[in-house]
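Next, two complexes with chain A in common: one pairs it with chain B, the other with chain C.
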Partner chain A sequence: MPIKILMPQLSPTMTEGNLAKWLKQEGDAVSAGDIIAEIETDKATMEVEAVDEGKLGRIVVPAGTEGVAVNTVIALLLEEGEDAGALAATQAAPTPKAAPAPAGAGGGRVAASPLARRMAERAGLDLGALRGSGPGGRIVKADIDAALAGGAPVRAAAAVVAPAEAKAAPPPPPAPPSGARYEDMPLSTMRKIIARRLVEAKQTVPHFYLTIDCAIDRLLALRKDLNGRSDAYKLTVNDFVVRAVALALRKVPDANATWVETAIRKWASVDVAVAVALDGGLITPVVRDADHKGLAAISAEVKALAERARAGKLMPEEYTGGSFSISNLGMYGIPQFDAIINPPQAGILAVGAGEPRPVVKDGALAIATVMTCTLSCDHRIVDGALGAQFLQAFKGFVEDPLTTLL
Partner chain B sequence: MPVQTVREALRDAMAEEMRRDPAVFLMGEEVGQYQGAYKVSQGLLDEFGDRRVIDTPITEHGFGGLGVGAAMAGLRPVVEFMTFNFAMQAIDHIINSAAKTRYMSGGQLGCPIVFRGPNGAASRVGAQHSQCYASWYGHVPGLKVVAPFSAPDAKGLLKTAIRDPNPIIFLENEILYGRSFEVPEGEHLVPIGQARVARAGKDVTIAGFSIAVGYALEAAEMLAGEGIEAEVIDLRSIRPMDADAIAASVARTHRLVTVEEGWPFAGIGAEIAALVVERCFDELDAPVARVHGVDIPLPYAANLEKLALPDAARVAAAAKAVCYRS
Partner chain C sequence: MADTGFDLVVIGGGPGGYVAAIRAAQLGLKTACVEREHLGGICLNWGCIPTKALLRTSEIYHLMQHAADYGFQVDNVRFDLAKVVARSRAVAKQLNGGVRHLLKKNKVTVYDGAGRLASKGKVAVSAEGAATATLTAKHIIIATGARARSLPGLEPDGKLVWTYKEAMVPAEMPKSILVVGSGAIGIEFASFYRDMGADVTVVEVLPRILPVEDEEISALARKALEKQGLRIHTGATVKALQKAKSNVTAVVEGADKKTQSLTVDRVILAVGITGNVEDLGLEGTAVKVEKGHIVTDPWFTAGEPGVYAIGDVAGPPWLAHKASHEGVLCVERIAGVKDLHSIAKSAIPGCTYCRPQVASVGLTEQAAKEQGRKVRIGRFPFIGNGKALALGESEGLVKTIFDAETGELLGAHMIGAEVTEMIQGYTVARTLETTEAELMHTVFPHPTLSEMMHEAVLAAYGRAIHI
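After this line comes the complex of A and B, so read on.
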């Protein structure tokens, strides 16, 4: 029997992916560990390794196929001694794995109790992304409760939308005025995810905004001083901002939280996500335990994450989770802007450019380098006063960066 | 509250109704001189005399028909069957005459009669004397069927049944006769068609009637030790069935186990399962589980009889299964 190679589930929320590229062709010998294909998931391109060895007998799902459900047979591997005739015996039908596979595996019917089905519909959960603990993988109330209590990842998965909905033909785009010339660019998976997640965030998270000015002359001086001491690192203003945000979250832990419908979940660790622009999108890799990391460590990590992000090589665990985000457009000269919260986080800090501005100092006009930061808060978790306390703490660390050493 | 056995509560119910309404009389084998085969009619002959407490020959077909005729003629008979197994002799009168009279006479004739007696298995009385008739009679439009568990319900339901203008099948249980409960003093009526939450819980509903309520309560106690809070519904009436109460409970617990001594095929559990699917499908988190007598004629051997009938352990196991616990 040829071995079926299935569409892998590369992250807990992945229900389908695009088969970007085959690196082996039909007839090629494959040994265990060989990279045989690249799969484009929600946000990253991942490599598929062969588990077994043999000869690639047939590519079932051609390169460039979009929306391939997890656990679909994508190729057939001939074992030693098998010839192409064995392929005929193997059905290319999706074969859902027994227990551990998600209930929606194979694109077939999802087994769920009527109650679980109704609860999932109400909560906007995608049943196909859940694992059922009942007999035969049936999704039951306990699984929905766990998913809702688990909050973050599953709520996020909900944004990936039920497969049925995704497969429904989208409404045709509005007809352009006659004679207008245009080109419809096909949506990448990332673009679709960004669109869904941000619509979800703006529609379901009650945003409010707090803006504060921070004088960063001392920060710039310290940065220059530190960068002059070694070539081992090159600190950016953003590295200082990451550290200041991390320390401010530790100082005001109520802002380091997630709304989970039945509770406010306060996170024990401070994981700060940093928005990184990519061609055709953006991604938010996470600096874990940022409050326990020094400037050089943060700097190196952000740099490495950003490089891997631009190469499309981030692992899902590197860009999921995180309790707070930073979006910095200072390098583009933007003085101030408002950002959209990245659910299920409680807030995002929009960091503007540091620029010389007139300020009043000791009753006289003076010039200072000022950086304007705007905090977007999820009002379900963070009230005005709490947001202000956080910004005050942040401003303290930024304006007097030596205190970040304490 | 005074404590009474089910046997005494039934006797009091009949005595009170006989005092209240001279049209009420009791008829059956050994109900008079012998005070009832199971001593349910104790003292009634002394108080009401042999015109109202009538010993019959051993012919259910005969006195069953006599009772139906008396009811059509305006009396309010209570017909005691020594057990409902013997009432198969009288089933033509019960179904074809009693149950259908109001319909077939266009409402001109009624049949206000109570057929009562022990139902279901007792203890080692063999395959022919151990049947549960809840499903048999529950099947018939025109009949009301009640099957109380506790003494207060036995009393309140029997009084209501005697006053009801329709034929009533009143299913008792031999093993329950001697069991004691607190019974309210004074006039105590229980409406037909209303179930009772015998124990509140949130994790699983266990619905049963008659002696099965006892198994359910025992099972609930066992389950509580394992962190499962079972809600026990004492159906009390088989027909009309209190679908609202069952649906409301399932809406709380999302899981249902039915318990009965009768056979599974077209049984009360099957009826309840269908009812729940119709009424509250979206509330179910697990398929309905039925605990019931094994689908065989009941064995006479004590060990096999025990294996063929429901008990608390089997109810608890079913409840855990629908809670996805094992």
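After this line comes the complex of A and C, so read on.
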């Protein structure tokens, strides 16, 4: 019997992916460990390694297919001694169903009652992973009750990757005024995820904003000094910001938390996500245990993550989790902006450009390099005073960067 | 010799039995239906339908007496009771014939006679005491329905002490009536006879009338009926009935334990019903009977392989639509239809056709709170609805109960004109599992009474427009 190669599940919440590319063709010999295909999921492109060896007998799902459900047979591998005739047998044989087909299989919309949808959303259940028992496989309240009673995986526990598309098919785009010329750009998976998650964040997370000015002349001087000492690293202002945020979270641990409906989950480690712009989107790779890392280590890690992100090669664990994000548009000369929180995090710091501004120092007008930072807080977790304490701590580390050595 | 081998034999041709038989035939089962009296059962012949015909008469009579409100001058309004009853019987007869036609059209073989389980997989049919046929069946559904319950000392005699059956075909109009029991049947007869001019007293053992309804609705119904001149004693029991030649004196013990005597022309007993479980050949089988009803699992199996029970004989709620739905589900289960859901009792609507009408589905406010639910309650009164005022029906209320956490429509309760026609809207909403959001987004036509259903949803979220 030919070996079935299945659509792999590359993250705990992945229910489907796009088959981006085949790296082996039908007839090619395959050894265990060979990269045979590339799968594009929510945010990253990942490689599929062969587990067995043999000859790629048939590609079942062609390259460019979108929304391939996890565990779908994507190719058939012929073992040594088997010929193409064996393929027919495989195809004729009924495919044994390992598990009941999830209602979301096939990449279409998940049929679910409005009540089931809302209950799933509240419980953090992935509708795409459930089997519906209503008419036509519709997911109904009883299915959600059963899933909750059975301890089904709950989104809030780990994943940042959004669940399978569960919303109704979108209405067609509005018709333009007659004569207007336009082009509808197809939505990439990433674009859809960004759109849904940010709408969800802005609509469900009660945001409020706190802005603070930081004088960074001493930081710039220290950066120049350190960068002059070695060519092994090239520290950016943002590296200092990452370290300052990490230390401020350590100092004000109540801000290092996630809202999980029944509790406020305080994280033991300080994992800071850094927004990285990509072509057509953005991603937030995570610097783990940032409070335990020095500037050079942070700098090297952010650089490596950003490069891998731009190449679409991040693994899910590299961009999931994280308790706090930093978004820096200083390099574009933006003096100040407000960012949208990346759920389930408690906050995001929007960092503006450091620029010379008139300041009053000791009663006289002076010039200082000032960087304006705006903190967006999830008010369910962070109240005004707590957010202010965090910003104070942050400002302290930024304005007097030698204290980050303590 | 007729072919007497069937996939399914249904004993009983009421709304549970005949619907089950037709559904079975649709699914390709060779089906027989055994009925001892009237196809269509009590519902169609002696229950739901003929009483609705009577209540239409009393409603029109009421309107004619208030014709001046609508600009008519109508004097000397009288009715011919014989014609009133004849109309009700004609409606029942027409439907009875319709059921026979439907069964024939669906190729269901009808046996007129009483059915009973013989040996395993066999049903014996007899008419007027003589065996007429023996049928073999892979599956047997018992759908024999129920009859009025009688209590010790309160036995009907058919002359002065009536059950629903006599109450439906009065030869002359009683001047005074005592109705024992204030469930749907009791209250409907009370309302009918009151509107037809009788002096009516209702005695209910529980603390409120229409005891299965939401407390608030019960209280409103009581208020409305008392305003019409009905006398209601709750928390009261009838201790004894002393029959004279042409009237009955009832000894009624009130909630305060004081007794009083009440002399009336007629007594109507409406103290619940009991399943028709006798002469079914259940003795020696594994079928269990408890409190006058056959015990079943949620899929209607009655303990014995291949034997099922549905409808009134299988227990409350005693509603024709519940029996029909059970019949369909039972048959679909037998036929191997996939993805069936057993009936949630809370999804079965209930209607009482008194004036004003009462209709409800789902949990009452009290039941929802007893389940520990955090609820949101919405209310909208008929007085705030344009169509209600245009109809001259400004008395009534629509009440919704939502789960505050999930927005699930837990229950809906209505009292007022035509609410029995409106409750299906909330029932559909519950079956589709809509939340308040979809109901709010639904466009209700103007001007209709149904707008109140929309407003009652909005009201639960502090968004009602017209109050």
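The rule is short, and it goes like this: the second predicted complex is superposed on the first by the 330 of 406 C-alpha atoms of A that agree within 3 Å, B and C clash if a C-alpha of one lies under 4 Å from a C-alpha of the other, contacts with A are read in each partner's own complex, and residues count from 1 in each chain.
Rule of thumb we're sticking to: a residue touches a chain if its C-beta (ideal position, glycine included) is under 8 Å from a C-beta of that chain, and two chains touch if they have at least 3 such contacts.
These figures come from a predicted structure and were not determined experimentally.
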(message) With both complexes overlaid on chain A, does A:K141 touch chain B (first), chain C (second), both or neither?
(response) both
(message) Looking at A:R229, would you say it contacts chain B, chain C, both, or neither? Reply first, second, both or neither.
(response) neither
(message) A:P114 in the overlay: touching chain B, chain C, both, or neither? Say first, second, both or neither.
(response) both
(request) Check the residue A:R122 against both partner chains and state whether it touches chain B (first), chain C (second), both, or neither. (result) second
(message) Going by the contact rule set out at the top, does A:S133 touch chain B (first), chain C (second), both, or neither?
(response) both
(message) So chain A touches chain B in one structure and chain C in the other; where do those two contact lists coincide?
(response) 113-116, 118, 133-135, 140-142
(request) Give every residue of chain B touching chain A within the complex, in rising order. (result) 254, 281-286, 324
(request) Enumerate the contact residues on chain A facing chain C in the complex. (result) 113-116, 118-119, 122, 133-135, 137, 140-142
(message) Considering only the defined contacts, which chain A positions touch chain B in the complex?
(response) 113-118, 133-135, 140-142
(request) Show which residues of chain C lie in contact with chain A when the two form their complex. (result) 339, 341, 405-408, 432-435, 437-438
